[in-house]
Every structure is written in C-alpha cells, then in structure tokens.
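So the structure is just underneath, and the comments pick up after that.
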Amino acid sequence: MTNGPPSHQARLRVRYADTDAMGVVHHANYLAYFEAGRVELLRSVGISYRDLEQRGFLAPVVEVTCRYRAPAYFDDLLLVRTRLAEARPARFAFEYDIVREADETLVAQGRSLHACLDRTTLRPVRIPEDILQRLQAP
Amino acid sequence: MTNGPPSHQARLRVRYADTDAMGVVHHANYLAYFEAGRVELLRSVGISYRDLEQRGFLAPVVEVTCRYRAPAYFDDLLLVRTRLAEARPARFAFEYDIVREADETLVAQGRSLHACLDRTTLRPVRIPEDILQRLQAP
Amino acid sequence: MTNGPPSHQARLRVRYADTDAMGVVHHANYLAYFEAGRVELLRSVGISYRDLEQRGFLAPVVEVTCRYRAPAYFDDLLLVRTRLAEARPARFAFEYDIVREADETLVAQGRSLHACLDRTTLRPVRIPEDILQRLQAP
Amino acid sequence: MTNGPPSHQARLRVRYADTDAMGVVHHANYLAYFEAGRVELLRSVGISYRDLEQRGFLAPVVEVTCRYRAPAYFDDLLLVRTRLAEARPARFAFEYDIVREADETLVAQGRSLHACLDRTTLRPVRIPEDILQRLQAP
C-alpha cells in the first residue's frame, strides 16, 4: 500500500466581511482561505505553524497563484482541499482546490510556494529535519 | 489667538476590497480608516508611530465606538477628520468624523481610546514626556 | 421555567491574516468576529441572514462598540458568545463576549445596534413579523 | 515617436491593518494594492471603473499571480506601477511592480487577468468598444 503526499480538507463559512460590491467573495480573500487550509494540513500531520514560529522559523509565501473558477457567496460553506505539492530542504509548495460544499462547484484553485527563514536574521535556512520528515513521510 | 488640541484631515480613496455585498464600505473598515487618520494626525505634530514602536512603546486601542451615518461607496474620496480628545500620561483618545469629499455627507463618526504599553512587557507605562508634550502643546 | 433572550456560542480559529505587526489580532477584525457570531445566533433561531436579504431586507450596523480586554493570537480558538440585547420593530441590538477557549480569558466585549432597511429603497422599515417573533420568543 | 501601452504609478501608504504577525504586509493585501493600481491606471486613460459597473459591466479577476520579492512594513510609502499587458475584446491583463519609494526596493510583482461580464447575466461579453479603444490607443 502506498500513500500520496499529505492532503487535508478544511471547511469554512464565508463571512459577510469577505464579500465585495459584486456580491461575491473578494478575490484577495482566497489567499487567506488557502492559508487557513495549509495551517490545517500541517496540523493534521502534527506540525503546529505557531510552534514552528516559536522555534524560530518563518515560512512566508514566496509566490502565489489563484485561478477563480466560480463565485462564492456570503454564508457558503467552502471546502479547502490542500495538498503538499513539493517539499525540499529550502522550499515547499502547496496546491489548493476550493469547492462549495452544497453543490461541489469548483470555486478557486491555487498554488503557493514557501521559503523557510530564520525568524531573527530573515535569511533562508533549511526546513528543520523533523518537519521535513513529517511532510515527506506518507 | 488660541489653538485647540491637534487635529488633522487625511484623504483616502475607498478601494473595491473595502466594500461588501451591500455595495457599501464594510463597517469594520472604518476602524482602519480611523487608524490611518490618527497616524497622520500624529505625523502632523512630529510623531511617527513607527518610531514610537521602535523606541519600545505600543499604543493599542482599548475601546472603540463607531456610528454609521451614511453609506460610502467604492471609489469615494473620504476625508478623515481626526482630533485629539484626551491626552493623559497613561491614556489618550481620538475622535473622528469621516466625510465624503464630493458632497460633504457625514459618513461615520467615532472615538478610540488608547493605552501606552511597554512593547516588551506589554505592561502599561506613561506616555514618553516628549510625545505627551507634542500632543498637548497647541 | 423561564427562558432568556436568544443567545449562541460560535467557535472560530484566528487566521494569520487576522493578526497585525503587534503580533495579535488586529482590533478591526473583532467586528467581523461579532458579525460571524450574530449570523450563527440568527441561524440558531431559524433565521438565515442570507434569506432575509433575499426577501428584500438589510440589517446594517448603525453603531458598534468594542472593548479590548486581552490580546488574542494566531491559531487561538475563540468563542464568540452572542446574545440578543434588544429587539424592537425598527431596531435591534446584540451583545458579545469573545473568550479564548484554552484559558477562558475574556478577549473582547462589544455591542452592535442594527436598523432594518428595505433593500431597494434603503429606507427604514419594520422588521418582518415572523423574524421579530423568532427573536423575541424565548 | 511611439507610445507603449498605458501605464501608471500610484502611491499608497501601508496601514497598520495591512500588516501581520511577521511584522510585514500580509501577502493577501498586495492583491488589494494591485487593484488600487489598476483603478488608477484606468482613471488615467479616462475610464472610471465605477462608471463601467454602472453601465452594466463587471471586470472580475480570473487569475492572479504575485511574487513576493522583499517585505514591506507599516508606514512604508509604496509605488504601484501598473501597465496594461493585454487588451482583447473578451479579456485583458495588467502587470504590476510594487516598489518601496524610500529605497526603490522591489517588493512584489504580479499579473492579473480579467474577463468582461454582463453585470446582470454574469455571462462574458465583449469589452465596450470605447473602453477597448482607450486601453489600446497609445
């Protein structure tokens, strides 16, 4: 039996504050939804992003892409499906599908690339070995 | 001739991201507009809030009130009129009127109360004397 | 046996996007947390705010107050305790306590006052009778 | 003499509300900065995005990419340099460089692709001819 890379499905409800004058979720908010998704994926493999920061690491977004497939609306329940797309010592990437729960409509897709930095010097460092193993181990 | 307490008028343009599905500025964003207004009032009397933080102080909001008088819309130019309402050694307050420039409609009014904290200990401290003087001197 | 007015407890996780450079939840975001809380309180008594808008009503915030009691941090689980404070034909109000689940620390308290408007004319109207009854009936 | 496609430089100040717990501008906010930049580019060639919506068109973002080059901080003055990258009857694209004014550091780069929709039907339509000409005419 083989497992793929870590993946996770988080569920969130669209807040009124997330919408814009088009009556839909403002496009910038999907980046916060992706962020919520990857925090939960990490938690599901035993990694607390808060702890990671407290150990002295930061994992900022280096590049992000989002494709908007269909609008989402206030009060929609959205599923954020996050999977690890790449995990190398100095960088890692996630991919995302956001789907409306009620009708399985694909709302948005995206990808984020991250570096690992020392929190004090803000210089790139290798991802701590225990973290890398949790990301890579199926 | 007498001067009143410091006051300032800042001008900002409503972004699409600031609106919500009612087609108007989402009510939480006025707190960010107030914040922009008081940063500019402080700058106008020679106080950089960024420098204040770098000197080791924080001035968090302890309480805020906002009354919504009329909607504001995407692309509106708004005037944020900020005045110092109170400046004591351990706390200070600002009051705000937000007015639409085009027709002088009063959009929102508010008040924020602030403490002065030591950035490291997060304990209340007296406002530095040079800052207090700039706030109080007419 | 007597029941009080409707109340509800919602649970939400602080997103990284909600924090600011003080390392805590930015104060404006509590207004979005209050909003999430009252949407869930309404749902708990059978009122969908989305349906209310689709029936032609808006319930904008007319006034809001927030008192900040203690900081909240990224990844905190927060409980938003919302209760109906007032329900009259033309206006209604909610009160909120936000508490950190892990240690029951009171983080913020607030109150919002709402009008009921006709969505087309944006003029005040009476709250629909069926809604008012759901709000008032214990 | 030849002119290139329309371009524009907008200037904005980073608000405290735009920062996150890393002490820098939260990555999602650059999408709102891009949006502010393209609204000003359009205005500079005589196109009001608000008027466009009132004429019955929407120009939602279909895809966006952002590369983060260097952090920006609270109170930084940023220059948003926007240029039209593509203008076809059914879609158009902008490219962005965001630069810190004080030291000309490149902070972020991005690209957004837009469709033109009928505001009522939400179906794709051709960009109105007068708008297309303003975008294409050097």
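The first chain written gets the first letter, and so on, giving A, B, C and D; residue counts start at 1 in each chain.
To be clear about the criterion, contacts are C-beta pairs under 8 Å (C-beta built on N, C-alpha and C of every residue); 3 or more make two chains touch, one makes a residue touch a chain.
In this text the structure is predicted, and so the values were computed from the model without any measurement.
A.B. asks: Could you check which of A-C, B-C or B-D has the same interface as A-D, with more than half of the contact pairs identical by residue number?
C.D. replies: B-C
A.B. asks: Looking at B-C and C-D, which pair shares more C-beta contacts?
C.D. replies: Answer to which pair has more contacts is B-C.
A.B. asks: So how far apart, in whole Å, are chain A and chain C when each is placed at the average of its C-alpha atoms?
C.D. replies: 28
A.B. asks: If you average the CA atoms of chain C and of chain D, how far apart do the two points sit, in angstrom?
C.D. replies: The separation of the two C-alpha centroids amounts to 34 Å.
A.B. asks: Whole-Å distance, chain B centre to chain C centre, using C-alpha means?
C.D. replies: Going by mean C-alpha positions, chain B sits 24 Å from chain C.
A.B. asks: Any chance you could list the residues of chain B touching two or more other chains?
C.D. replies: If we look for residues of chain B contacting two or more partner chains, we find 16-17, 21, 24, 28, 31-32, 35, 73-74.
A.B. asks: Quick one: in the complex, what on chain A touches chain C?
C.D. replies: Residues 13, 15-17, 31-32, 35-36, 39, 48-50, 73-75.
A.B. asks: Would you pull the chain C residues touching chain B in the complex into a rising list?
C.D. replies: Those residues of chain C that touch chain B are 21-22, 24, 27-29, 31-32, 35, 53, 58, 60-68, 71, 122.
A.B. asks: Of all residues in chain C, which touch chain D in the complex?
C.D. replies: Chain C residues touching chain D: 16-17, 19-21, 23-24, 26, 28, 73-74.
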